[in-house]
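Each of the two complexes below includes subunit A, the first together with subunit B, the second together with subunit C.
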Partner chain A sequence: MIQGPRRIALEEWDARYSELRRAGMVEPPYGGPLRRHVEDGDVRLLKLWFDDSAAALRLWNFLLTEEDRLRQARALGRRLVGAMKDLGVVPVMAYSSPRLTAFYPDGAWWIPCMMELGAGLLRLAAALGLDESFCPVRAVLGAFLTGAHFPIPDLLTCSVGATCDDFSAVAQRLNGLGYPILWWEIPARRKPDPGEPAVDLPGGFSAPRDQVAFVGGELERVRSALEALAGEPLNEERLSKGIREANRVRRRLARLRRLAYAADPCPLPALEMLIAEMLAIHFCSDREETVAVLDILLEEVGKRVQARVGALPSKAVRVFWVNPVADLRAMNLLEDCGARLCGTDFMFGHALDLIPEQAPPMEALARMARADPMVGSAADRADRVCAEMRAFGAEALVVSRIPGASHCATEGRLIAEIVEERLGVPTVEIEVPPVCDALTPNLRTRLEALVEAVRARRGK
Partner chain B sequence: MIYAGIDAGSRAIKIVLFNSRQDAPLASAICDQGVEQERLARGLFDDLLEKQGLRPGQIARIVATGYGRNLVRFASETITEITCHAAGVRRLVPQARTIIEIGGQDSKLIRLTPEGVLRDFAMNDRCAAGTGRFLELVATRLGATLQELGAMADRSRRPAAISSMCVVFAETEIIGLLAGGVPPEDIVAGVQASIAGRVGAMAGRKLDPPVVLTGGVAMVSGMARALETSLGKPVGVAPDPQMTGALGAAILASRP
Partner chain C sequence: MKTVVYTCPFVPAEWIAAHGLRPSRIVPSPPAGAAEEVPSVGFCPYARALVRHLCGEPGAEAAVFTTVCDQMRRGAEIVQRRSSLPVFLMHVPTTWQTSAARGLYLSELRRLGRFLVDLGGVAPSEARLTDTIRRFDAARGALRKALGLVSARRFAELAAEFHRVGEPRFTPPTPQPMPLGVPVAVVGGPLLFQHFDFFDMVERAGGRVALDATACGERALPAPVDRRRLARDPLGAVVEAYFDNIPDAFRRPNSALYEWLRGKCAERGVRGILFLHYVWCDTWHAEAQRVKESSDVPALRIEATDSPAADGPTASAIQSLLEAIR
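And now, the complex of A and B:
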C-alpha cells in the first residue's frame, strides 16, 4: 500500500531517509539525515514531528546548516553583515553585493528551544542583567559572547525607534560589550494628514512622503556602510537586481502560502510552513539556495494539492496564527489538537510583500521598511489579519505571546478583539516559553477548547 | 442508558452519572486528587457504581475532563473542562451567558452564545494569583480551613490591599500585614478581592449577563460578592458548583 504524506518523529526519519535515498533522492552538499543535528546539540528535534517529504528534509537541513554556511562564507573572504531587528530590508541591500553575506543574529532566540536551554545562552544574558522579564531574543547576547553559534559579523546594523523596545535594550547591551552597531532609525508609521503628500506602501498602507524620505536617508547611511565593507559601490543597478532577486523568493512564498493555506486537506504541516516563511527574512544566508529549497517545496505541495492528499486529516479546524513561537513544538501541538494552520502573521508581513520594482531602489526599500508591521499600529496588523483570515477561510485565531516581549504583550489582545468583532470567530491567547514541555497540558487545554468551540459552531 | 462524566481536577476528582432516559443526574462522588490519578479515578468510579448497584458494562460512555483528563485512560473520550463546564452550567442555569470557573489551579472565563453554544473563553496565565491555590495558601498561613475562610471574609470591615501580582510575594505581604496587626478577616477579604480583580482583568470587556460563578472556589462564601464588586455586575453561583464540570462531561457523553 502506498502511504500518503504524514508527520513523522525523528526516529522514523532514519528509516525514511534510507528509503528516500534508495528511491534516488538527490541531496545538496548540506544534505544528510536529520539525526546528525541532534548530535550537534539540537536535541529539540527529538520531540518534534516533521513532514516526511524529501522537500521538507531539504528545508530542515538548509535551516540547520546556516552556521556552516556563514563560516564558509567568511573562509571564502565574504564579509558578514549582522542585520539586527530588521526583517527584510538590509539583507536585500547586502545581498546586492556578491562580496557580502547578511544574516539575522536575532535568530539566536531559537537556540534555547533547539538546544533545550543546553547552550546556556539565556543564563549568560541574565548574568548581563537581561533576565526573563525580557524577550527570549536576549539569547543573542549569549551567542555573541560564546561565538559558538555564528561567526561575529564584520558589520552590525540595527533598526531602532518604533521597532522593539526589548531588542533595543538587548542591542544596547551588546553595544556596551564592545560590538559597534550602526543604528538606523525608524519612526512610528502614521497615516498622512489631509492634504499631506503621501506615498503608497506595500501591504496596502500609506505614509507621509516626509516619513519615507527620512527612512530613505537612514537607509542611505546603511548603504554607505555596506559599500565601505564590500569595497565596491551598491549602485542602482545592483540594488535593483537585488530587489528583483528578493522578490523571486517572495513570489514563491506567496504561492506556497496560497496553496498550503487554502487547500484541504492541509498539504504541509504548520512547522514546515513556519520555517519556510522565515526564509524571507534573510534567505538563511544563501539567497540562491532559498529559491531552490522553495521550488522543491512548492513542487511537493502542488502535487499534494492536486492529488488531494495531506499530512493532516481533512476538515481539521482552520486556525490563523499570530506571532512566532519561542518553542517550535507549539506548532506541532496545534495539529495534535485537531487544528491546522491556514494563515499566519509572524510580524514580518513586509518581508513577504513584493518590493516595488518600478520605484528607484532606495525609495522602494524605504517604502518597504515603512510597511514593517512592528512600526505600525495594532489596528493595521488586525486589518491585515482579518483580510487574510477571510481569504483563507480561517475559523479561529490563536494569538501567541512571547514571554517578556513587550511588543506583543498588549497588541495581541487588541488584535484578538478586532478579529472577534469583525469576524465573530473564537480567539485564544497563549504564551509559549522557549521550552514549553511543562506547560503543554495548559496549552493543550486552550487549543483543544478552541477546536471544540469551532466544532460546536459547525454543528450548530 | 447511563453515562459518566469524570472531572479529574488539580485538587479533586469528581464523577457524575447521568441517566439519559430520565434526562437527569443519577449519582455523584468526589475524592481528593493525588499522584496516582488514574487509580484514584478508577477507584472512585468503581465505588460509585457499586453503591448504585451498577456494573461497568452498564455505562454506555465515559467522558473525562479536567487537568488530568488524559490520564483517565478508561474513559471513552476526553473533552476540555471549558466545554464541560459550559454544558454543566447551561444545564443548571439555562440563561447563563458568562461563566467564571475558578478552580484549584487556574481560572477561566467562558462566554456562551444566546443559544448556549461555546463562543470563546479566556484562561489565566501561569500565575496562581487568580486561582483557588491563593486561598489555600492563605488558609494554611492563617491556620483555617477553606470553609472557614468564607465566614472570616464575611466579618471583614476593611479588606486589606494585597498589591503583589504573585502568590509567593503575596504571602510575604500577608506575613507583613499580620505583623502589622491587620485582622485575619480583612486579609482574607483582601485576598478574595485580589482574586476577583485578576478575574476581572481577564474578563476585560467580554461580560454578557447573567454571570455565573462555578468551580470549587465558588463554594467559599464571599467570592461571588468580591467578583460582583470587581466586575460591577451581579454574579450568581451555580448549584453544586464543584460538580458542574463532571455534570457537563456526563451530559456530553450522552449526546450522539
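And now, the complex of A and C:
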C-alpha cells in the first residue's frame, strides 16, 4: 500500500533517498542522489518540486546522465548521430543499428534553464549573432562551441522546410562554422486535394501520397548516410525491428498518459510527465533503458491509481498544455496554482503515435514524419488538441509560448480560438523564458485566473 | 482579369499569366490603424504587413504564400481564417542540391496551376506557356538593363511597379545622373516601401548603393531563361530560372547566397555593406553576423520595424559607416 505520494523539494530528496536505499531500492549504474547533479551545475533543480518515488528518481537520473551515456557510447566504439530539428524520426532509424547512438542536440535548449544561465550558452550564441530575439534553442550553438555538454556527433542531420526559422537559422550558423550537416526536406503538410491519392497518417491526419513518397526519398538519403556511418546496411529487417522497439516505448507512454492524465487524484506530477514524454524523441540515448524507466513509472502510477492516491490534491483543475516550457519550473507553477496536467502537445505528438508496423519500414517512417504536428497547420494541431482534451476531460487550455520562436507569434492564438469555439473552455496564453523567476508573479496570476475561471464554471 | 497577389520571388509571374490571370507581386501596404486580429509581438513586420494587407482590401481574387519563411507559412493560415480570400500555400523547397528538391518545386508549380484553373484560369498549351515565358523574360531583361541607369531606389521602385502590374512589358527609364559616392551594398530580405528610404539615407551620408541585394533588387530576379531549354521543356526552364538561380538566406545550405554576394561585391567595388533585417525575421537576422565575418569590407546591421526608416540613430549609424569607409 502506498502512503501519500507527494511533491518534494531537493533538500527533502536527500533524506528520501536514504530512506529508499534503506528500504532496499535497487538502482541502475547511473543512479544516485539527485543532489550530485546540482554539484555538476544543474542548479535549477534546487528550485523544482519532484515526485518522491523511486520511479521518478530513476527518471531524473536517467535524464541527467545522458551526457555520460553518450561519452560512454563513443568510448565503446558506437558512432554518434545528432538528429537536429527531428522529434523522433531519424533516432528510430539510427537505433536500428547496434553501432549507432542518436541524440537530440536541440535538447541543449534546456541547459540555460538547468544551469540558470550559468553555462553562458546564450551569451555565446549572442556573440555569433543570435540574440534574445531567437528561441532559446540557440543555446545549441554554445553547446557545440564549448563541447562541454555533449560529444560532437559523427553525423549531424537536420530537417528543414516546414520547420521553425529559429532552428533552421541556428543549424545554418552551425554549418557556417564548419559543422557538416545532412539537410533533409520536410514539406509543409497539406490536405489532399479532391481525388488526389492520399495516405492515412498516425495521429489521424492524412497527406497526399506524393508527399509521403517525397519524404520517404529524403529519409532514404538519411538511411544511406547512417549506413555509411555504421559500416553496415540498415536493411528492412533491421528497420522493422527498430520500429517495433520504438513502438514498445510509445505503447508504454500511451498507457502512462492514459493513466496519468485521466485519473483523479493526479498520480504523477506535470514535470515528471513532461520528462517521460520527452523520452520518446530519442530515448535519452538508450532505448532499452527507456523501456525499463517507463515500466517502473507505469508500475508506480498503476499502484497509485489503484489506491486512488496522487501527488496532488483531488479535483485539481484539469489543464491541457501546449508547447514545451523553456523553464521546467513552469510545470510546478501550474500545480502550485491548483491545476494539474491533463493532456499535452509538446510539439511531438507524432513521436507518441505508434509507427505503422504493417507498412514497409521506410514508408512507415515517412508517414510518421508527415504526422509531425509542427509541419502542418495550427488548425490541424488544434484538431488533435481538441480530441485529446475531450478524451482526458480537460477543463482549460494553456498555450505556452517559447520566447522568440517563429511559430509562437501566431499559432497560439489560432489554437486557442479553435479550442474555445469547439469546447467552450477557458484558455490562456503565457510566455515562459528559460529562467522564469522574475515573471513568476505574472505567470501565477494568469494561471490562477484560469483556475478560478474553471472553478466558477464547475459551480454553475 | 482576376488578380493573384504574392510577394515571394520564387513564384513565377509567367506561370500565373499563362493561365490567363494577372500576377501581381506586391509590396504589402496594410491599412492604417490598429489590427488586433493580427499578432504584433514576435511577428515579423513584413509578414504582418502582408497578412494585414490581405485581410483588409487586397485588390485581388487570390493570394499565393510560400514556405520560404515559417512566419509566412503561418501567415497564410491567418489570412485563410480571417478573410474569404482563396489562399494557396506553395512549398518552396529549402534544400536545392537534389533532383528531388527540384522535382518538388516543379510539382508545386503544377499544383499551383490547378489552383489557378479552379480560380477560373485556363491551363496553358505548351505554345502559350512558351510565348508567355519568352515575353516575361524579355521584359525582365529590359528591367535588368535599367540597373546602373538609375539610382538603386529608383530601380527598386521600377521593379516593384513592374512586379505589381504583372505584365510582360517594361519601359526603360530615362537615365538619371547617378549619385557619386562610396559604393555600398544593401543586403537583406524583402522591404516595405517606407524602408526604401534606407537607399536615400546612404546617399545623404555620402554613399551610393551599388548593389541592392534585398528581395526588392537584382538578387531576387530570376536568371535569364535558357532558350534551348525553353524550346523543349518550358516549365523546366522556369524551374531553372527561379529555383536554381535565386540565391536566398532561407536555402540550406545557403552557400550560393554568399558566392553570389562575393562575386557581385567584387564586381561593383563595394566598400561597405548595409545589412537590413526585420525584427523577428530569424532567417535574415541570423545571417548578419556571418555576412560581417565573411566580408572583406565593414558591414552595418540595421534592424527595421514597421516604423519609417528615417530615425536619428539609424541615420547616424549609416553616417558612421560611410565615414569609416570613405
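A few points about this structure:
In the analysis below, the second predicted complex is superposed on the first by the 457 of 460 C-alpha atoms of A that agree within 3 Å, B and C clash if a C-alpha of one lies under 4 Å from a C-alpha of the other, contacts with A are read in each partner's own complex, and residues count from 1 in each chain.
Following the convention adopted for this analysis, a contact is a pair of C-beta atoms (placed from the backbone, for glycine too) under 8 Å apart; a residue touches a chain by one contact, two chains touch by 3 or more.
Treat the numbers as computed from the prediction; the structure is a model and nothing was measured.
In the superposed model, A:413 lies in contact with both subunit B and subunit C. Legend: residue contacts after superposition of the two complexes on their common chain; A:149 is shown touching neither subunit B nor subunit C. When the two structures are aligned on the shared chain, A:449 is found in touch with subunit B, with no touch to subunit C.
With both structures placed on the common chain, the touch criterion links A:318 to neither subunit B nor subunit C. In the superposed pair of complexes, A:44 makes contact with neither subunit B nor subunit C. When the shared chain is aligned, no partner comes close enough to touch A:250: not subunit B, not subunit C. Contacts of A:379 after superposition: subunit C is touched, whereas subunit B is not reached.
Between subunit B and subunit C, more residues of subunit A are touched by C. Shared contact residues of subunit A with subunit B and subunit C: 413, 417. Across the interface of their complex, subunit A is touched by residues 39, 41-43, 67, 69-71, 73-75, 77-78, 81, 89, 91, 93-95, 98, 100-101, 103-104, 107, 111, 114, 250, 252-254, 279-283, 285-290, 292 of subunit C. By the touch criterion given at the top, residues 67, 70, 79-83, 106, 115, 117-123, 125-126, 204-205 of subunit B touch subunit A in their complex. By the touch criterion given at the top, residues 128-130, 133-134, 158, 160-166, 168-173, 175-176, 181, 183-185, 187-188, 190, 193, 210, 214, 217-218, 221, 377-379, 401, 404-411, 413-414, 417 of subunit A touch subunit C in their complex. Residue ranges of subunit A in contact with subunit B, taken from their complex: 413, 417, 420, 426-429, 431, 439, 441-442, 445-446, 448-449, 452-453, 456-457, 460.
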